[in-house]
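Mind having a look at this structure? Questions to follow.
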C-alpha cells in the first residue's frame, strides 16, 4: 500500500510503502538507481535540476527491510516559485489548477502545480524500486518503453533484448534507436515552437504466474488501469490489441491455445496477458497514452478567477516539452507496484531463502 | 459499495448495494426498467431468453430506501449446462476458462463461464439503477451509446438529443440511425460466418460539479477506468481525446478557458471532463473498447487440460455475436456507480426535501 | 470479507462471504448446524420460532466452494409486525430506534428493530460456519462459552474438555453445569419480573501460529475487538487478564517465557495470546460483555417523537430475557471470521491436499 | 486516514494524515502543544529526554491545510541502543519482541522495541492534533483523563470542569487531585521496587450529533475500540457501564428518554453515548484498560532464542513505571481521529466560513 505526500515547491516529495516483506536487501542507492532513471534528459526535458537524493527514514535496518512501513523522501532543492504567483488566479489550461482550486477552496498549494505536479511521480518511482526488487526475487520482470512520440511510432516490433539494451541509451527511452532519433527531432521542433508533444508508453511484465487477479472488483487489468490513470497526463490505457481489438473478428482476436514444452501457451497475445481479470501466463502488455505537456510558452486563453474576467497567459517556467521519456520508469513503477500487491495477497512473493 | 454474487448457470445473479442514502423512492420495477435495457436484442443477440426478473430482498421499506444494504437478484431460469461439459477440460480461447481453472484449482463453476460470464453484468445494471436514481435527484445525467461496431463508426458527432432519442430505437444502441444500420449488417454478416465482432461504447456524464475526485490514488478517471475494466471483454479505456491526444500538440490539446454566462467553461473538451484526477465542470467523456465475443462457432485450437494434449473445439451454445449493444447500459451503470460513490463521499448527494 | 443484508421483519437475512478459498467442502447442512446453535433455547429465549433454514445461493458447486462469493440467506417466516407500530414514534430505551431514526430520517425499517435487530447475527453465524471450516482444516479451534450471567460466574476455571463437552448441554451455553443452573434460575426470575439480564461470553482460539496480526492499524486484538463490538448489545471487550491487568504489577502480569518440549511457551497467559498486536502462540482469550436485553415488559419512560412529548411504553413482543446463550455461537463466528481473514492474508490457510 | 512510520531507535517517528479538509489553520506549534502533553512527567516517567520537535513536511501552505496529505514527523535524538543488544535473542516478557521476531523472521528492528515501542504514539498524537482542531471547529470536544492507577480509583465522579482544569496539573493526568496523589505514591513505590503498574483512562466526547456510525461493520463503538486497541499496552475497552452493565437488569441499564429544553435526552448514560453502533446524542464515554509497563528491572524468566535455552533477564534501560499518564493524550488523539473520520464521511465537518 502506498501513501504519497509532498508538493512540487514544498519541502519534499515522499512515500510510505506499507506491507513490504521483511528480509529484502534494500539501500537508498537501490532506490536512487531507479529514481535517476526519471531525471531530466538533456535538452528535451525541464531545466529544473533536482538532485532527487533519496533518503530512507524508516523500515530498513542493517540493510534489510524489517516488515515495517518504509518512508522514503527526496528534499526539494531548486524551487523558483515566484513565476507561479500569476497562475494563482489564472488557471493554466490542461493543468489541475482550476479544479484543484475549486475543490480546495483556493487553499491548495498552487506553486508549480503543488500536489498535482508531475514531481509526485518521484515518489511513485521510489515505491516502484521496492516493488521491482520484490518481483526480481521471484523472477517477474517489468519493462516499460516509449512506443510513440508526437505520432511517430516504432519502425519494427522490438524484441525483449531491444527493450533491455536500448531504452536507456537514447533520450526517448525507446527500444528502436532510429525511431528514437525521429522522435527527438519532433520534440526539439515542438520546443522551438514553444509547443509540446505527447506519446505512448508500453509496459511488458514477464513471468507472472497464471491466475493473478481478484475478480470481479479487483481484476488485474482494472487495478493496473487504475494505477496508471493515477499518473498525471495519462488519457488512455489499453491491454494487448486494445482498442484495435474492437475492430477484429473473434476468430482473429481470440488467442488460441497450444502446448509448448508441455506448457499451455497462446499462439497470439491479443489479450495482453489478461483474461477474465486474471493473468493468463502470457506477458502482460499494457499501453498508456500521455497527452502533450500542458505547459507551453504559446499564448493561451484563460480566465482571471479573481476578477471573473477573460485573460491570457504564457507559461514560461521550466518544463518538459514531452513527459513521455521520463514517464517510462514511472509506468514501470506503477505496474510493478500493482503486480507485487496482487502477488503478496496470494502469498506468492518470497524473500531470501 | 457493490458486492456481486452468482453464476451464469447457478441459482441467480445478484448484488448488494451498501451506502445508499435513505429516502430514495425505489421499486423493483424501477430497477427492472434498467435491467430490461440489457436484454437480448432480436437477431443480434443470444437466443437464451432470461426473464431477468428483479427482486429486492432488503433495504427498501414502504417504497423507499432505508439506508440499509439493498440486496437485489434475478433467479436464473433457462439454463442449458450440458453443452458446457466439453469445456471443462478444453478452455475456450478468449474466455476466462483457463486462468480461472488454474486459480481455483478446477473448483470453479465452469458452466457457461460461471462467475466470469457476462451474465454478472445484470447485477451491475441493478446497482446502476440505484446509482442513476440518486444522480437524477441532483441533476447528473449519465448517457452511454455505441460509437463503433466492427470498425464502423458514427457518420457524424451526435448531439445530446440524438443520444437521448435514438439509442434505444435501434438494435445497436447507437445515436446515429444510419450508422446503426451499417453496424447491424456487419453483425449479421459475422454471425452467418460463425464469427463475432467488437466495438466501442462512449459514455457521457453531464452536470457534475467541479472538483470531484480524490487525488492521487482515487482520482476520478482512475476509479472510472477501474470500474470499466471490471466489465468482461473491455480491453481499452480512454478519456476525451484519449490516445488521440498523444498525437496532438499542447497548443491543440489544451482546453483553454473562457467565461460563458459568468461560468468558467473550456473552449474544447479534449480532457473529457477530467483534469488532475478531478472533474473540471465539462461533460465527462469516456470511451470503452470491447473485444469481439470470444464464443464463435468456427473451429479453434485449444488444449485438453486433462490429457495435456492439443485439441480443437467449436463453441456452439447461445451467444451474442456482438456484446456492444447490451454493454451500453452496463457502461452507463458502472459510470453512474463510480460517480455516485465519489459524490456521496463529498456529501454532495441529497435525497428528498 | 463479509457483507450482510436483511432486516428482522423483512424478507430475509443473509450474507455474502467473499474471499473463501476454492475446494472447501461446504453444504447448506454444514452451515445449518452452526445456525441451529443460536436457535431459541426453551423457556429462556424468545417465543418467535424462526426455522432459519439456510440456503446457499452462489459460490458452491458440486459440494465445494468455487472461490466465488458465497451468498447465503434464511427467509423470514414468522413475522408479527403489528406490535411494532407503536414504537415507530416512541423509541424503545436501549434499542437503536432513536439514533437509527435520526440518522435515516425516519426511513429505516422500524419493525422489530429492522436492520439493528439481533436477528442479523444469523448472518454472522452463516459466515462463521465457513470460517470455522477453513480453520478446522489447519487445526485452529475457536470455542466460546458463557462465563457470567446476571452477575453469576463460573465456580471453577473450566478445562478445554469442559468447554467442548458441556456448553451445548445446558440452556446457558456454560462449561460449568452447576453455574449454568444458577444462571438459568436468575434468568427465569428476571423473566417473571418482566425484566432482563446480561452476561459475559469468553472465547478461546487454539493453535494459532505466532505472529498473526498487521501492525499498527490492523493488529489482531484491534480487529477482533472491532468485529465483536459489531455484535448488538456488546459493551466491553478485554483480552487475557483484561481490565484486571490494570491492577496487577508488571512482575505479576508479564507472561514469562520457558521452553516446553522445545517450544517457547509462556508460564501464564495474562496477555490472552496477543502481544504487540500479534498472536504470541498461546491461546487467544477474549471476553465480551453483553448488556441486559433492552426489551422488557416493565413500563419505561420515553418520548413520542411525533408529538414531541414525554410518554411511556411497555415492550411486549417476544424477546430473549438474556441474549448471552444465543450470543455464544455469534461470538465464536466473529472470532473465526477475523482469524481466517488474517490467516488468508498471510497465505496460511490451505484447503485439500 | 493515518499511516504511521518510524521506530523507537530509528531516524524518526512520523505520520501521514490523508483526507484533512483544506483551510484549517495549522502550524507546527499547534501540533507541538499536543505532543508536549505526552512528554515524560517528572519522576514517574522514563529518563529518556526526547525533544519530540514536530516538523510538518507537507500539506500545509501559508498556515493553512491544503487538502493534500499532511506528513509530520519528529526526529529521534537521544538513542541508546546498546542496552538492547541483549534482547535481540532474549525476548522481554510482555513486549512484542517474540512475536515480532517470529513474524518478521528476525529482520525487525529490535532496538527499543522498534516499531512496537510506545514511541509510535508520538505519531498518533500528531494526527490527533489535526483531528482535534477539526472537531473544535464544529464544537465537538474530546477529553481523556486517568481514572485508575495501580488499583486506585477516583474518590468522586469528576465534573467536566474538574477534567478541564485539573488533568494537566498533576503527574497522573487525573481530574481528582487527591486520587492523583495516592496514585503517584503507588507509582513511586512500584518504581522503588523495580516494578511497574497499570491503570485505566477514560475518554469523554461531547456534542457529537446523533446518528454518527456506519452499521453494521463500521459501527462507532467498533471503530473506536479498534483504534484504541492499536495503542500499545491496551487490554480492555468498554463503553458506558461497560462490563458492569452485564450485571445490571434491563430496567436498571436502559437509558430512558425524556425531553429537556425540547431536546430528547436520556436520564442515565449507561450506553456511553453509543446505541446500535450510532452516537445517541449523549456524551461518548469509553474506558481503556492499560496493563503495567512490561519493562521492569526485576529478574524475569525468558528464553535465549539463539541457543534455544531458558535464560533470565533484567530490563534496565529508561522506562515509564506507568504508561497511563502519558497515554491520556494518546487516547484522546485516537478517539478524535475516529470521530473526525466518521464525521467527514457524513459531510458534517466544516472549516472556516
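Here are some notes:
Each chain carries a letter (A, B, C and D) given by its place in the written order, and its residues are counted from 1.
Everything below uses one rule, namely that a contact is a pair of C-beta atoms (placed from the backbone, for glycine too) under 8 Å apart; a residue touches a chain by one contact, two chains touch by 3 or more.
Nothing here was measured: the structure is a model prediction, and the numbers come from that model.
Note: the chain lying farthest from chain B is D, by mean C-alpha position. More than half of the residue-numbered contact pairs at A-D reappear in one of the options B-C, A-B or B-D, namely B-C. With centres taken as mean Cα positions, chain C sits 46 Å from chain A. Averaged Cα coordinates give chain C a centre that lies 27 Å from the centre of chain D.
Computed from the mean C-alpha positions, the centre of chain B lies at a distance of 39 Å from the centre of chain C.
Residue positions 4, 68, 103-104, 115, 215 of chain A each touch two or more of the other chains.
Considering their complex, residues 2, 4, 91, 93-96, 98-100, 102-104, 115-116, 120, 148, 150-151, 190, 195-200, 210-213, 215-217, 219, 221-223, 225-230, 232, 234-243, 245-259, 262, 264, 266-267, 270-272, 275-281, 289-296, 298, 300-303, 305, 308-310 of chain C touch chain D. On the chain B side of its complex with chain C, the touching residues are 3-7, 10-12, 14, 16, 18, 22-23, 57-59, 61, 64-71, 73, 103-105, 107-109, 114-115, 352.
Residue ranges of chain C in contact with chain A, taken from their complex: 68, 215, 345-348.
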